[in-house]
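These are the structures, in structure tokens.
Two complexes come next, and they have one chain in common, subunit A, joined by subunit B in the first and subunit C in the second.
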Partner chain A sequence: MTAGQEVAKRPRSAQRTSLWGWLLALPTAWMVVFFVSSMVIIVLLSFGRTTNDGYPAFATSTANYRAIWNEVYLELLLRSLAYAVATVIISALIAYPVAYAIALHGGRYKNVLIAAIVVPFFASYLVRMYAWKALLSDDGLVNSGLRRSGLSDGITFLNTSGAVIAGLVYGFVVFMILPVYASLERLDKSLIEAGKDLYHSPVRTFFSVTLPATRAGLYGGVLLVFLPALGDFVSAQLLGGANTYMMGNLVQQQFTEGQNWPLGSALTVGLMAALTILMVAYLRGTSTRGREI
Partner chain B sequence: MARARKLERKPPFAVGMTVIFFAWLYLPILAVALFSFNDKKSLSSFGGFSLRWYDDLVHNDALLDSLVASLKIATVATLGSLLLGTMLALGLERVRSRRGRVIGTITLLPLVTPEIVTGVAALLLFTGIGLKLSLTTVILAEITFSIAYVTVIVRGRLVGIAGEVEEAARDLGCTPFQAVRLVTLPSLIPALVGAGLLVFALVFDDFVLAFFTTGVDPQPLPVRVYSSIRFGVSPAINAIGTLMLVASALLIAAGLWIPRLFNRDTSSLDLITGGDRK
Partner chain C sequence: MNLRPDLEVPRPSRRSLLTGALALGASFALPGCAYIRDDAPTDAPLPPSAKAEIDGDLVYFNWADYLAPSVVKGFQKEYGVEVIESNYDSMEGMYAKLAAGNQYDIVFPIAKWVVKLRQEGKLRSIDPAELENADQVFYSGSYFNDPWYDPGSKVSVPFTVYKTGIGWRTDKVSSMTNSWKDLWNDEARGRIFTLDDQDEALGMAALLLGYDVNTAATSELDEIKDLLLSQKEYLRAYSSDDINNMTSGDAWIHHMWSGDFLYLREALADDPTSFDFQAPDEGVPINSDTYAIPENARHPGTAMLFIDYLLRPENAIENMNYLFYPFPVKDALPAFADLAKSVPACNVEVSDLENENVFRLLATDEVQRRAAVWTEVKAG
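== the complex of A and B ==
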């Protein structure tokens, strides 16, 4: 490249950069105003207090955090974690065989089958939760079926931990299926054949070849299911009762019924902190395991 | 030969699970759709075909107001997030600096933040700056949340468009703005249509953000449906639920298929699964 070309090119690339820079400015400003600042406010208000006439006010007290640290709330946190973990495990047990069957044996129906899973999941979460509730309710289809067949007088599904977890799985299992499906799709099928050539049983081939090769997708799914499951309040609200309430229900109550916004903010910050710690630990865990192999 | 055929044999466990899974996935939805046509009020026995619950809906003014409110929210939020998300995607794809990466990360944060946190934070922000909760605040929150979806989808498409084509347009005398308007944007249309339909469906159905940022009246449709579900289940909710499911399923199906008409070599399902891959 001659010196002349070099000079001719420079102003243009400067011009380019400034154009792209300007394009970034507006959306960045938007995100700072409407997202970043709202997160800052929630952290600040978690150190705040409620005035005598019931309004939230900024302050510098740790009273809210001390208030969270009691048996009732800690039990609720542990219950939420247990529900979220159970949701992740059950989702994985359902999602893996389904993704496997579609990715490796779906043939030309692969895309249709995946679309058939995606469409209702991306369509209304609320309506699906409602549908699940209607099916399980005391006078719902399942119970009337049981009564008619004479198997039982009906089972109380609602207001149990099982119903809440089932609702969470019903709500979020797609976030497990998609990444697992994506990694199975990209799996080198000749690896499976190699396993067979070495006279591995299908089960052994699965555990020594297929599963390790697709664990990235599985880990991705674990994260994508865990995050929304821990923060959910709809499932416990519609399918559970007071003794199955999760963190999300507690937060929601403080902001709508309880009217203690500073305490609600502290609970929200606590939820975010718990998630961040778990996510960092998880990312560390998965990356070390990745290095070992 | 025998072994080769054995490789092709479908694993009975995985196939069985898939059949059960689809039954479990669709049974509740189909039951709701079926009982929305029930002549009786019962949720367990079918008393004959009737449109009486749909008739109820058409005469329920509060519900119709909510429907209109949700349509407004979804339309404005879709247009707003398409504009901002596309600007962001173009900027991020072409400015490969550290600053760009920081901005990219910030815009993706709403995707990994539990919705209840985003909703509560938005509520605090709006009341903090003295905005009265209304449809406007719902729209602002929904745009903030949807920008990330648009950005992910448009960036996915931008990777496929070589920067050289833009460069060529510049060499032919285009200003940078013209190059984007005449070359880059037209080739983004399939991605924009897909992203637009997806965001419209997501926002129209979104409950959590709307729940925290809405004012008194008219409430967005999902919020109104939620309050009625809390009082129990009724065939009228079956009807509205069925309509909501059909509407969003159609939108999403269109969002998956329309980009494909423009561009046959990429599966538009990748738009959605690709979003999760990051």
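== the complex of A and C ==
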């Protein structure tokens, strides 16, 4: 379908347009006041300084941006990127089969199953991380079980990179499951039947028909998991070890013990800039590939 | 107040929640533009003391679970007022709420925050003559008549005192030497925790090197950084959740607060003898929590009565038995010595208070230099 056809079909009632205008005004105002203005403050503050009394103050200094070009911070950025990429890959490997099973074999329990996945995410992320600590500690339930069953003398789960990534996956996997589920749900099942007739193999059908047809959902999930995982600090704080500090922890520290809001703001703006570049590149890549089909 | 049904459920260290919750809390605590200003007053005249008389319900602002619920209930019953509780998870969060103009009747600042709040005129004077039990803390010759953080004891009343030392598992580690060097112990390699706290971590390394715990000298900070980096291969993590890390078996040696240790050993441990605590010979940081009344409190009279009530020795003892932090209330001190007799290192003596290892309010450039070192240690 071309853009021209789409426009031609849209109803052009002026009344409806103004109603929509009004309905949009409130959320727009909300966004301007609470989202845009806080962004503006962050950007302005990133050129600021801290007064002798420890207050952040606006200024016109580029010192904070010079300060973020630091070897240690770059290392943190790379580590955070690696954690976020690992989180995305593991989330996709978990989310796809789960969403597939529910969408294609859930039958009348579909909504119940989706609710069962979503509801636990209403509980605070923080509380769930503490629960993980209780489960996975050296004398925790899992390790006591392993020891009692004689399988192992105990495994050090906590305070490792693996624990941080696992925490991130647990925290954000639902954002992968939902869009993938939605795209599988919309998928015309007869396509899969046709694919099976054509390719004679469920695996080839999956890679040639199902996966490409649900690519949009998967791409959406990738973004929804990648972005919060990259900025997260809770998982590294609670499940991490001495060598798992992430960008989020760094930013958080500047706003608290570090008493350096301007540097924290510059780091935030720098991270956002890096993410924007990554995202634009990603969206260009995905839309080009999308057109090739 | 939250009721704790029994002592079996470990509560996280009051500071531990800072680490995670702060994070979530911080974004709400930031008061926005009100905080961004260049004209913070210094050494403002002190607002006058209130009379100790009921003038409304008590709006109470403290760390979570940092007073015995039974004591708070007793106050409500005796004076017929409600205690309306809010909590903070960090001093920064507490300060930000006050700076944003929120009104509380009583807060519990740590020593160096008393300095800051007093300088900025954010605290009301507290006249000891208004308090029946003032002689429990302000007796002749008491350290608290003129503490370093509140000259002349004008705006604060001491609440708890504590020190930072090392807790360890006696069933796992046998080579402790009563030195901060023990945080580099080979036997416990990979199971050692250092507090995730800029002042405590840098202070520990400073003591080991023989420097002031507040040092901001670049050359000394460089040495501190190298020392702390050398510790990383021994560490499991930086964490302030000292109680849980010890009870869960993750930590064999933990840089920790004396009150947290005593609570862990006396109230939580299956076998108390498998836990011990030391106050290293190089010296230990000592800290004080205080009662204070914000200048904009709506019910300062009730707050005065509340402070007076908490200074009653029987209430101090009840609080100590719940918190395991010592209250420097004269007639309650023997009870605390008794509580800590199995681990005398957890006790805090007046001589400890007079040492120089207190975390002072530093200038911004000093804080930032220290923060940069701490960041490089954690990130490195």
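We adopt the following convention: the second predicted complex is superposed on the first by the 257 of 293 C-alpha atoms of A that agree within 3 Å, B and C clash if a C-alpha of one lies under 4 Å from a C-alpha of the other, contacts with A are read in each partner's own complex, and residues count from 1 in each chain.
Keep this in mind: a residue touches a chain if its C-beta (ideal position, glycine included) is under 8 Å from a C-beta of that chain, and two chains touch if they have at least 3 such contacts.
This structure is a prediction, so every number in the text was calculated from the model and none was measured.
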item: When subunit B and subunit C are modelled together on subunit A, clash or fit; value: clash
item: A:Q253 touches, of subunit B and subunit C: first, second, both or neither?; value: second
item: Partner chain(s) touched by A:P120 [first = subunit B, second = subunit C, both, neither]; value: first
item: First (subunit B), second (subunit C), both or neither touched by A:N159; value: second
item: Which superposed partner A:L135 touches (first subunit B, second subunit C, both, neither); value: first
item: Partner chain(s) touched by A:W20 [first = subunit B, second = subunit C, both, neither]; value: first
item: Chain touching more of subunit A, residue-wise (subunit B, subunit C); value: B
item: First, second, both or neither for A:V280, with subunit B first and subunit C second; value: neither
item: Partner chain(s) touched by A:F35 [first = subunit B, second = subunit C, both, neither]; value: first
item: First, second, both or neither for A:L198, with subunit B first and subunit C second; value: neither
item: Contacts of A:G240 with subunit B and subunit C, given as first, second, both or neither; value: second
item: Where subunit B runs into subunit C (options 3-11, 75-83, 93-101 or 129-137); value: 129-137
item: Shared contact residues on subunit A - subunit B and subunit C; value: 38, 41, 45, 124, 126, 130, 133-134, 137, 139-140, 233-234, 237-238, 252, 255
item: Contact footprint of subunit B on subunit A as seen in their complex; value: 12, 15-17, 19-21, 23-24, 26-28, 30-32, 34-39, 41-42, 45, 94, 97-98, 100-102, 105, 111, 114-120, 122-128, 130-135, 137, 139-141, 143-145, 170, 175, 178-179, 181-182, 192-193, 196, 202, 220, 224, 227-228, 230-234, 237-238, 248, 251-252, 255, 261, 264-265, 268, 271-272, 275
item: Contacting residues of subunit C [partner subunit A, same complex]; value: 12, 19-24, 26, 30, 32-33, 35-38, 40, 42, 90, 92, 116, 120, 190, 196-199, 232, 235-238, 241, 244, 247-250, 363-364, 367-368, 371-372, 374-376, 378-380
item: Subunit A - residues contacting subunit C, complex; value: 38, 41, 45, 48, 50-58, 72-73, 75-76, 124, 126, 129-130, 133-134, 137-140, 156, 158-159, 233-234, 237-238, 240-243, 245, 249-250, 252-260
item: Of all residues in subunit B, those that touch subunit A in their complex; value: 3, 6-7, 10-11, 13-15, 17-18, 21-22, 24-29, 31-32, 35, 42-45, 84-85, 87-88, 90-92, 94-95, 100, 103, 106-107, 109-110, 112-118, 120-125, 128, 140-141, 143-144, 147, 170, 176-177, 180, 198, 201-202, 205, 207-208, 212, 222, 225-226, 229-230, 233, 237-238, 241, 244-245, 248-249, 252-253, 256, 267, 269, 272-273, 276-277
